[in-house]
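Okay, so chain A shows up in both of these, paired with chain B first and chain C after.
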Partner chain A sequence: MNYLKLKSTFENYLFILPAVVIFAIFYIIPFIWVFQLSVFEWDGISPLKTAIGLANFKEVITGDPIWWQSMLNAGYITIIALTFQNAVAFFLALACDREIRFKNWFRVIFFIPPVLSEVVVGLVWQWILDGNFGLLNGWLTKIGLAHLAKYWLSDPATALNTVAIIHCWKGFGWGFLIFLAGLQGIPRELYEAARVDGANAFYCFKNITIPLMIPVIVLVGILTILGTMQAFVLIMAMTGGGPAYHTQVPVLRIYASMQGASRFGYACAQSLIFGVILITISFIQYRFSGKQSR
Partner chain B sequence: MKSAAYYTAKKITFNTFVYLFLISVALSCIFPLLWMLSSSLKTQETIFQDMSLIPRELHFENYMRAWTEGGFGRCFLNSIFYTTSVVFGIVIVSSLAAYAFSRFKFPGKNLIFYIFMGAMMIPIPGSFVALYVLLNKLHLRDTPVGYILCMINVGLSTSIFLLKTFFDKLPHELEDAARIDGCSKWGIWRHVALPLARPVLAVVIVFNTLNVWNEYFLALLIFDSPRLMPLQLGLMKLQGEFVTQYPLLMSGLTITALPIVLLYLLMQKYIVKGVTQGAVVG
Partner chain C sequence: MVAMGTRGMIGESTKHTFSLKSFLIYLLMAFSSFFLPGCGSNSSEVNNTNVSKPTILVWHWMTDRQAPLAELAKRYEEKTGIKIKFELYAPSDAYSQKVRAAAQGNNLPDIFGILAEKRDFAAFIKAGHIADLTPNMNAENGKWKNYFFAKALAGNEFNEGNTYGVSAGIYGVPIDVTTIQMLYNKDLFRELGLDPQKPPATFDEFLAIGDKLKAKNMQGLVSGWGEMWMIDCLANNYAFNIMGKDKVLATLRGEVPYTDPDWVKVLSLFKKMQDSGVLANGLVTMINKTAEQLFANGKAVFAFNGSWCVNVYKGMNPNLNYGVMLPPRASDKYPMSIWGGAGTSFMVNDRSPRKEEAIKFLQWFTEKDQQVFFAEKTNNLPANKESIKNIPEILAQFSDDIEYATHPNTWGVSEFPPVIEALDKGIQSIIIGEKSPEQVSQDVQKIKERELAKKKAK
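The block that comes next holds the complex of A and B.
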């Protein structure tokens, strides 16, 4: 009997074994190594690793203006995504929550940009925004606004904003779908009751829709911040971080420290500092959302 | 008291604005794809002058050239191979684990499950640095196996979560009946649990297919040999060449985007379900 029980427990472990092995090798070990490597100066190839204590961290914090510039850039894109992108997503969801025609068509179309890869989106928009032969400048010239035509992605004055807008274009569909699901979860009776009491549309929006949507808005906010701060493939495809670091973002810097400068320890230190910042932000947001829903 | 006509007029104006807003955003979503398609049918000479959406001559031979000269044929087959292997792997590995987490009792179960879930919440944006070192040590860099295992790992946590929540809500009766009939644990997993989980497996499959097909960065880290590269990598490589061949690039982009758009249009029901469920996870 005891033998059978042991065999059964063993069998239970066999079910999770493949998942645990893959996860341990490709998630847990790299996770631990990031901490270990961060205290070394190492080029990634040579057998010699020099332990230098916390010097890497010190250098990231005090001696790396480009790193903090990249953090500011990512923060800037995030703020645009939080306000502009999520506002558009919210109003689209409001519009689609009403009784309108072709509702499903709109819903299907709005989620096309999110299912495309960042490389495809980046390269297509790079072609449209091309300074010499791009469609956008072609149109501007045609309608007599040639003075507005720009090298959108290689002019330092416009590069970051352009990248931010394309990032919003790619991402608003997520927020839209989550907002729409939230709106559809609001009981219709609330609106009907308010109508009977003589409330107008704006009053309903302000006193029913907004309060009930706060948890969803916070959720989309957290997802937007975490997603946008870590976004980089789209930028890699559109500008590669240029012109002259104007569209650099933290993950690109980590990759550059590793591949370009061959400083693996330094790259790990950067990524740990970045990880701590991200966890702090989402923790603050989480606390905030906890208060709101109570 | 304002007249009925006033209210009708007000409503019509309001609705017009709503529709204008919706339609303009919808156009902005579709237009870049149409422009990509249109550019892929022009030649290297006409592409810089012809600003019309429908080109005067349609050069379908661009696709032939992209497929052979551009190397997209091989990339396409690679992408298909990686995507099917990874999705198949994720379905097997995560459904086994999710079933055990939901149904069996064994020491350490909750701890292990929470570690898996923790991986979804804790962002470690730079773990790729260590992953690169690890793959080098294991001699898995520049091999399909290395890439496939890494990508299985990427999709694991979310898939386990989705499947476990589904199994938790599933009544036990069918499995009990199978057990009484002498079916082993593996048999129940294979012949009862998996078929019942079909709706949520569809979500898992669709989401992971999108994810693997669209993945670029891990492929960039892992693959050096052009013959192993998936589509996303092939695109960036062609784009990085000295003089970009735009019609070829646009054909390559179309070859990459078309399967995913078709899959999305066919499976959009599951995607909407996945987004709204997945959002609860985050």
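The block that comes next holds the complex of A and C.
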């Protein structure tokens, strides 16, 4: 009996072994290496690495104001994504959850931006928003609103907002899809029972839809934070982090440290600090939202 | 198949035993297929040990040059029987990362290029990845060395007592030459009432065009200043012009501060250009590809670009009527300077078992006939000085100014990357009116002092 139990346990472990090995090779070992590299000064080429303790971490935290400006920029884009992007996604999901015509078409259309390549999206929007010959300024001029035409991506007053809005356009489809799935999971009987009791649409929304959607809203919120804080390709393609440092985000800084300055150890320290910040924000949001839903 | 067919007839425990055995076999096969290939030598090595004529593997990033490179490889194979395989990895950022990763695993190909600054080049040499070509260059009274423009070789050379700690020698083979200059559209010049044969020679003449541009609602200078290094290039050109090479290099060594009035003067030139209207709008986030499109399509009067642009403009607008000019000088004290020298260089992997064959191929590749063919097909300046006679007129204009060329890779001392970034971003801030030249010079100097202190502490 004991032998069979032992054998069964051994078999179970054996079956999960491939997954564990793959996880270890592609996630755990690289993570350990990143941590190991973060305490070295290394140019990425030389076989020699100089151990410098926690100096890289100290420099990121106390001696790199551009890093913290990039965190603020990413935070700003994240706030816009959390509010504007997710509100749009939620209300579009709400609209598509109802019996409206062409709702399947809308579902497909709303999900097109997320599946497009970020580089392509960035370059196309750069072309549309070009201050001199862009489509947007052309249209504004045609309809008599030439005074609203701007150098959207190269003017420090508009660059970050423009990047944030394009990021929202690119990303709202994910939230839309998850919200729609959440809305479809709410039992219809609840709405029918509420209507029998005389509840109007707003009451149903406030007392049925919102409370039951809170876990989904939390999930979308966490995914939005993680996705937006790590924005990189779109910004690289549209502004390269400029003008000056106005659209710099943390991943661009990590990339600049690694590729531009050949400071691999410093880049690893930046990414570890960034990872800790993201985990902390997600944890706080999860705990806070958990309390709200209770 | 049998096992599948009898599955329903066998008992539970037998079924388990069978599954476990199958699972273990599959697991072993999977592991073998994943890990065993890594234990052997790489495929090209295997090929080369088994056949008499080796295959030389070359990595590069130049999408526009793959076809002529392949053609030259074919010619070399016909001549020698040695196969040359050019592998293209683009874009250039991805290529750079691939080369670094390959260096870590000692998997570099026989020949490769490095897209990096001199300090990275030095790091590759010190790590034993790049062969010293000095004996080959100097053989037969310097026959191979004499093929090249001195400025093309200089970027691949490390002199005695260099600050990088590399043994003196030549470590790369230039395959083409580049100069980065200003270009002007001759047709738009006529529209502005300017003489297309007389581009502005002084900075004041250049600034005066700003009013004409505004009056005609035309865009002035376009360039890839969103990519930053091109701002650095023009700033250095003017630094050489205003304070001379010695003072610029003294600044890099930390002996002259960036707050020096000459540096403030250099930074002020960008403010003057912005204020006068000679800079195109949106220049600070413009990538070079956009700048090239604007200039090629006649939407900008000036461009600041490298000689590689001849091929690019030819593809975008074969009828573009343009000329090449030195950046207008801001001072008569020192000569105007431009960045130039080796455009692309190939290095030989010092660990390659086919090192000698790789060097022989590069010697053949840089001979006059091959260089003429390569220059014709790619519209780039050849590195072989004898081939320069056969180039198109517009390229000749670029090559005429090669005497003014300099490059950070030839200075023997380099600036800290954070300082370069602060200077370039600072110039962007000046152009967008966010900071004054004085503020930027102070910001840059602060970072310079921080980096010097860090270096001292080490």
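Following the convention adopted for this analysis, the second predicted complex is superposed on the first by the 259 of 294 C-alpha atoms of A that agree within 3 Å, B and C clash if a C-alpha of one lies under 4 Å from a C-alpha of the other, contacts with A are read in each partner's own complex, and residues count from 1 in each chain.
Criterion: a contact is a pair of C-beta atoms (placed from the backbone, for glycine too) under 8 Å apart; a residue touches a chain by one contact, two chains touch by 3 or more.
If you're wondering where the values come from, they're calculated on a predicted model, not measured in any experiment.
Placing chain B and chain C on a common chain A by superposition gives a clash between them. Once chain A of one complex is fitted onto chain A of the other, the partner contacts of A:261 are limited to chain C, with no touch recorded for chain B. By the touch criterion defined above, A:156 reaches chain C but does not reach chain B.
After overlaying the two complexes on the shared chain, residue contacts for A:106 are found with chain B alone; chain C is out of touch.
When the two complexes are overlaid on their common chain A, residue A:251 makes contact with chain B while staying clear of chain C. When chain A is checked against chain B and against chain C, the one touching more of its residues turns out to be B. With both structures placed on the common chain, the touch criterion links A:285 to neither chain B nor chain C. Of the two partner chains, chain B is the only one touched by A:118; chain C is not. Contact with chain C, but none with chain B, is seen for A:43 once the two complexes are overlaid on the shared chain.
Once chain A of one complex is fitted onto chain A of the other, the partner contacts of A:133 extend to both chain B and chain C.
Of the two partner chains, chain B is the only one touched by A:16; chain C is not.
Among the candidate segments 79-87, 115-123, 241-249 or 259-267, the part of chain B whose C-alpha atoms clash with chain C in the superposed model is 241-249. When both complexes are aligned on chain A by C-alpha atoms, chain A residues 11, 15, 18, 44, 132-133 touch chain B in the first and chain C in the second. Across the complex, chain A is touched by residues 15, 18-19, 21-22, 25-26, 28-30, 32-33, 35-36, 39, 47-48, 51, 92-94, 96-97, 99-101, 104-107, 112, 115-116, 119, 122-134, 149-150, 152-153, 156-157, 160, 185, 189, 210, 213-217, 232, 235-236, 239, 246, 249-250, 253, 256-257, 260-261, 264-265, 268, 271-272, 275-276, 279, 282 of chain B. Residues of chain A touching chain C in their complex: 11, 14-15, 17-18, 41, 43-47, 50, 63, 126, 130-133, 151, 153-156, 159, 238-240, 242-245, 256, 259-263. Residues 16, 20, 23-24, 27, 30, 93, 96-97, 100, 103-104, 116, 119-120, 123-124, 126-127, 129, 219, 226-228, 280-287, 290, 294, 299, 417-418, 421, 425-426, 428-429, 431-432, 434, 450, 458 of chain C are the ones that touch chain A when the two sit in their complex. Residues 9, 11-13, 15-16, 18-20, 22-23, 25-34, 37, 44, 88, 91-92, 95-96, 98, 100, 105-113, 115-121, 123-125, 127-128, 132-133, 135, 138-139, 142, 169, 174, 177-178, 181, 219-220, 222-223, 226, 230, 232-233, 236-237, 250-251, 254-255, 258, 264, 267-268, 270-272, 274-275, 278-279, 282 of chain A are the ones touching chain B in the complex.
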